[in-house]
Amino acid sequence: MIIVMKPNATKENIDFVEQSILSCGLKAHISYGENITIIGVVGNKALYLDKNSPQVFPGVEKVVQVSESYKLANKKFKADPTVIDLGDGVKIGGEHFAIMAGPCAVESHKQLMETAMAAKNAGAQILRGGAYKPRTSPYSFQGLEEEGLKYMAEAREATGLKVISEVTSAQAIEKAVNYVDILQIGARNMQNFELLKEAGKTNIPVMLKRGLCATIDEWLNAAEYIMSGGNENVILCERGIRTYETSTRNTLDISAVPVIKEKSHLPIIVDPSHATGVRNYVAPLSKASIAAGADGLMIEVHPNPAIALSDGPQSLDPDAFKTLCNELKPFLDIMGRKL
Amino acid sequence: MIIVMKPNATKENIDFVEQSILSCGLKAHISYGENITIIGVVGNKALYLDKNSPQVFPGVEKVVQVSESYKLANKKFKADPTVIDLGDGVKIGGEHFAIMAGPCAVESHKQLMETAMAAKNAGAQILRGGAYKPRTSPYSFQGLEEEGLKYMAEAREATGLKVISEVTSAQAIEKAVNYVDILQIGARNMQNFELLKEAGKTNIPVMLKRGLCATIDEWLNAAEYIMSGGNENVILCERGIRTYETSTRNTLDISAVPVIKEKSHLPIIVDPSHATGVRNYVAPLSKASIAAGADGLMIEVHPNPAIALSDGPQSLDPDAFKTLCNELKPFLDIMGRKL
Amino acid sequence: MIIVMKPNATKENIDFVEQSILSCGLKAHISYGENITIIGVVGNKALYLDKNSPQVFPGVEKVVQVSESYKLANKKFKADPTVIDLGDGVKIGGEHFAIMAGPCAVESHKQLMETAMAAKNAGAQILRGGAYKPRTSPYSFQGLEEEGLKYMAEAREATGLKVISEVTSAQAIEKAVNYVDILQIGARNMQNFELLKEAGKTNIPVMLKRGLCATIDEWLNAAEYIMSGGNENVILCERGIRTYETSTRNTLDISAVPVIKEKSHLPIIVDPSHATGVRNYVAPLSKASIAAGADGLMIEVHPNPAIALSDGPQSLDPDAFKTLCNELKPFLDIMGRKL
Amino acid sequence: MIIVMKPNATKENIDFVEQSILSCGLKAHISYGENITIIGVVGNKALYLDKNSPQVFPGVEKVVQVSESYKLANKKFKADPTVIDLGDGVKIGGEHFAIMAGPCAVESHKQLMETAMAAKNAGAQILRGGAYKPRTSPYSFQGLEEEGLKYMAEAREATGLKVISEVTSAQAIEKAVNYVDILQIGARNMQNFELLKEAGKTNIPVMLKRGLCATIDEWLNAAEYIMSGGNENVILCERGIRTYETSTRNTLDISAVPVIKEKSHLPIIVDPSHATGVRNYVAPLSKASIAAGADGLMIEVHPNPAIALSDGPQSLDPDAFKTLCNELKPFLDIMGRKL
């Protein structure tokens, strides 16, 4: 951490900052410039910031963070990519690529089974399906809850697919751990820290979607909440961020893929369905995600998108999904990824 | 709801849309233009959208919503402003203006008592203080939890101020209802729908902060979650939205004040401390908020901002807060507001 | 400027950076931390950056700017507020407040004269009116050009109001200097640096609107283009920035007022008409702007907004404008501003 | 265009809207719903909007545009992709893919020649290089102007590469048409409509970069300015948009590629160098752009990025560029694109 003093800072101002650092048992490196003095805080900056707000010290111009506050998610402390092993040969990360497919919401046993068969048949390894649905309006369909989770488990039984489902409360986590292979934390809950802590206490992998307007640093700090609770099996999922552009539902931040690869060892997958909200854009962006280095895709598939209870406009039907999976293969080959 | 057909939509396409509407027991109004046919859905659109995704019907160009999905929060259905009555003459809304002041986080009994006295002395009616702190990093100070709530209650006892504190989980709500006068839902939890539902089951007022990148419509829908659960005492709080501008922590959306006044009967207060993150900007934006028509202010005050455990840079010290309160009075007078 | 080295930077890396600084005739201050070494560049950083891209030097983590690149616009080098004197007692800045009012576009002699009379009658000092209109679509009304400027000059003659009009090219500047008291550079041209340079060569005041997504620093740098050309009479105009929120046309960044007051000595006025796009929001935001410390307002007024060729929805009619001006006076009184 | 009436609109309100439509010689289609009446404007909406601002008519809730205002750029009126033919077999669009490479700024004859050789050698077909540089600060390097254009022409002579250079004023266009094969309009000038009109009068292709916060519709309307002037050879270039995320200089809106492919027949290329500002991200995003369907790439290459006068951090050196070009080939093969 660097504390930049104002041009007119006095010796007293500088001494005050220095003392605040020394009194925490840390070291201060002071660099006197022609106009501006810069003070480096050497040591545990969290310790310092828990006791001080140097931004408001007299004579301070600004405070610059030079290191990240996340540790377990940080590539600096673990260079090798994390590979999430779901059993039965299904892995995510490293050279392993995974396709998650399924409906936005579990609507019925029949709908889920049909979709699961279609997903399996096209080549997906993981079935997605929402049982607890966070909806903008309280008057929209809210999900089948535990009944939906049961259907997910039955679909796994029937197809051999692994299953992932979103959890929106501690109660939902308690239920879900009995039925699913991966817990999903949705974008709206990315900074629901109580939920993150609960997910950190479980021992099954967690897929953490990026918040609608979360920075990449905030996202990795959210992952840190889960990891610091003891569960290091975190998968990140880029699903589009909110911008002023309205021709897509969100703006897919494709750069997040190489940025995450540089900053973290955690696998990152992309959800082009939520990112765009338009099914015609799902195929080109799926290919782009692979080419950018993503470790997987999450794609919405519905047996009949026109009557889906949620997010029909962005869902592929089984035929379109199968065609897409076939088109993705040569891209995976170039990238040296195993499906 | 209006369904706009593509220029090349066929009679079959149009018939298909019409049938989908009729089969829900609703009426369709079809308007044939030179190039474009437009179909109005007459009746309960939620019913229609729960069963159909017309965006993906063949021949459909786009679907336009013409009415809001929130009802209880909607001014169209309740023209008079909602006034929240906290007892002992403290009210928010209508002609009643309220100032909430206090530290970002409750740090100690002494710190809270000092701040409460200063808040009372300057003219605030409500004491704020966080006991459950949602922090970006898991390694930052997380709050005193129930201990902090107890201090809040003691401060109320000592000063006669009403108290407000943030809740971040169902468990926190269970505790908080025993100690506080207003529950606060923070920006990061604005779309934590499970938490909103829990708050809707209580019978004490809820202050709902706007999410970091929530639209005003999403915010009112979030309020609707609380209200539709049975608790209609909701206060909205604008606290800045996330934009590309970095000279302030967030961008205060001052327009939200007149927009909310036009769309809803709920009171709206402004938090210039979180909106800007810079204490020098708190005074001018407090005045601006009153002039724009806000029903209250939430301002961070700390006995010694330089050593605050959280958000020191944006906190006022007791003297600055007292000066500000005095400066606000003539603005309140012009606006015809009672403190 | 501070160059932050990576934790694993070698002595060679550090020496390389140091040499690059010394070879420009500047001094390097090196601060060795426990993990991270920090190098301060002492002296003219522009000189250094014109010859080096330290971000790509081996071992460099990041480069942090600690001083602003604008000088003439910077309050650090001129503490007193700039007051723009338009003659006949009309001034902007310091204790002087100015109201600019008029139609978005000059449409006809009659329309402009009616508006000018209404503006004068309500208490405005400056008439606005666009003769060169930058419109999103080439098929929209593009302005009366020099004919429009002539009407502006006639309106000045008739009413004694000062006049301001937008210029969109060097040619338009050449014409406009013969007719107007203030040149306006619009938001879309804020970084049209060739236009800024041309405006810098004139000797009449320039009002520079903030770009739709310009940071405050970019805005002040744009002002610097005009000022460094020799024309230091620059007025800044906040007119809303682009965000994801759609209930207003743009998002008025009210915080820009105190931020500019802290960073610069130039006067800042606010345009609530373009900021919101909705006439009902013009009055509350005009009051808020005064309370926040703005030096003036620019408000769209049209004799008959329903048939305006441009921006009717955000224009006030003469009666509404007169009412507003009366309502603003007590706010100006509190702020100690002279109209 | 659809005019949506308020629930409480009276018969007089509706009649007023209808009359305003009929008086322009257009037809009105009125659809009476249970709560809401909707009025469709049949015919030339531009004609109607030039004379009316229906948003402010009494009883009007909102006005919804259902068709685009751009025509020549619109795929609805020209289904086949536009192919830009630069001569000597260099084409952009359709099955033809083009790589543009070179320095951000032309700095010297030697620097440009070295880069041109490297670009040619690696497989690029077009040399980029800025002679007129729009820089945020007036104190940064502003470009070699005509001298730079001469070097560009010499580099073309020496290598056979086509050349592209940015123009920032009518004067620069006058010069540039004598030296270059493609005129570039930069992001900051995307809505400098006077410049667009000038470019529309030339007969050489124009590459139009997307504005920093331009919507895709505004971008296509800007293209329409050039095309409606008579020059239909427009190439679009996505170069990142401004968002709140700071780990990249801008946020590459990769979705713009399929969106443009759906809305327009114009070719679209991607500039990953400006989009990210970080050279390590250029390779993954180049591959992603091809996979998403882009028609070309613009990549910054500099013989020695560490001493570049502009944008060094995002420039590749010749070796890295050659490696990248080789890596791109298999992606172009899958996509069926000819380099």
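Should a chain be cited, it is by its letter among A, B, C and D, assigned in written order, with residues numbered from 1 in that chain.
Methods note: contacts are C-beta pairs under 8 Å (C-beta built on N, C-alpha and C of every residue); 3 or more make two chains touch, one makes a residue touch a chain.
Keep in mind it's a predicted model, so treat the numbers as computed, not measured.
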| task | Compute the centre of every chain as the mean of its C-alpha atoms, then state which one is farthest from the centre of subunit D. | result | B
| query | Which pair wins on C-beta contacts, B-D or A-D? | reply | A-D
| request: Averaged over CA atoms, how far is the centre of subunit C from the centre of subunit D? Could you give it in whole Å? | output: 26
| message | As a quick test, compute the distance in whole Å between the mean CA positions of subunit B and subunit D. | response | 39
| field | Approximate Å spacing (C-alpha centroids) for the pair subunit A, subunit D | value | 31
| remark: Listed in rising order, subunit D residues that touch 2 or more other chains are 213, 242-244, 246
| Of subunit A, residues touching subunit C in the complex | 2, 4, 7, 27, 29-36, 38, 40, 42-43, 61-62, 64, 66-67, 76, 242-244, 246
| task | Would you mind writing out the residues of subunit B in touch with subunit A in their complex? | result | 46, 49-57, 69-71, 134-141, 168-172, 188-189, 191-195, 212-213, 218, 221, 224-225, 228, 242, 279, 305-309, 311-313, 315
| said: For a test of understanding, state which residues of subunit A touch subunit D in their complex under the given definition. | reply: 213, 215-217, 241, 243-248, 251-255, 257-259, 262-263, 275-276, 280-281, 284-285, 287-293, 330-331, 334
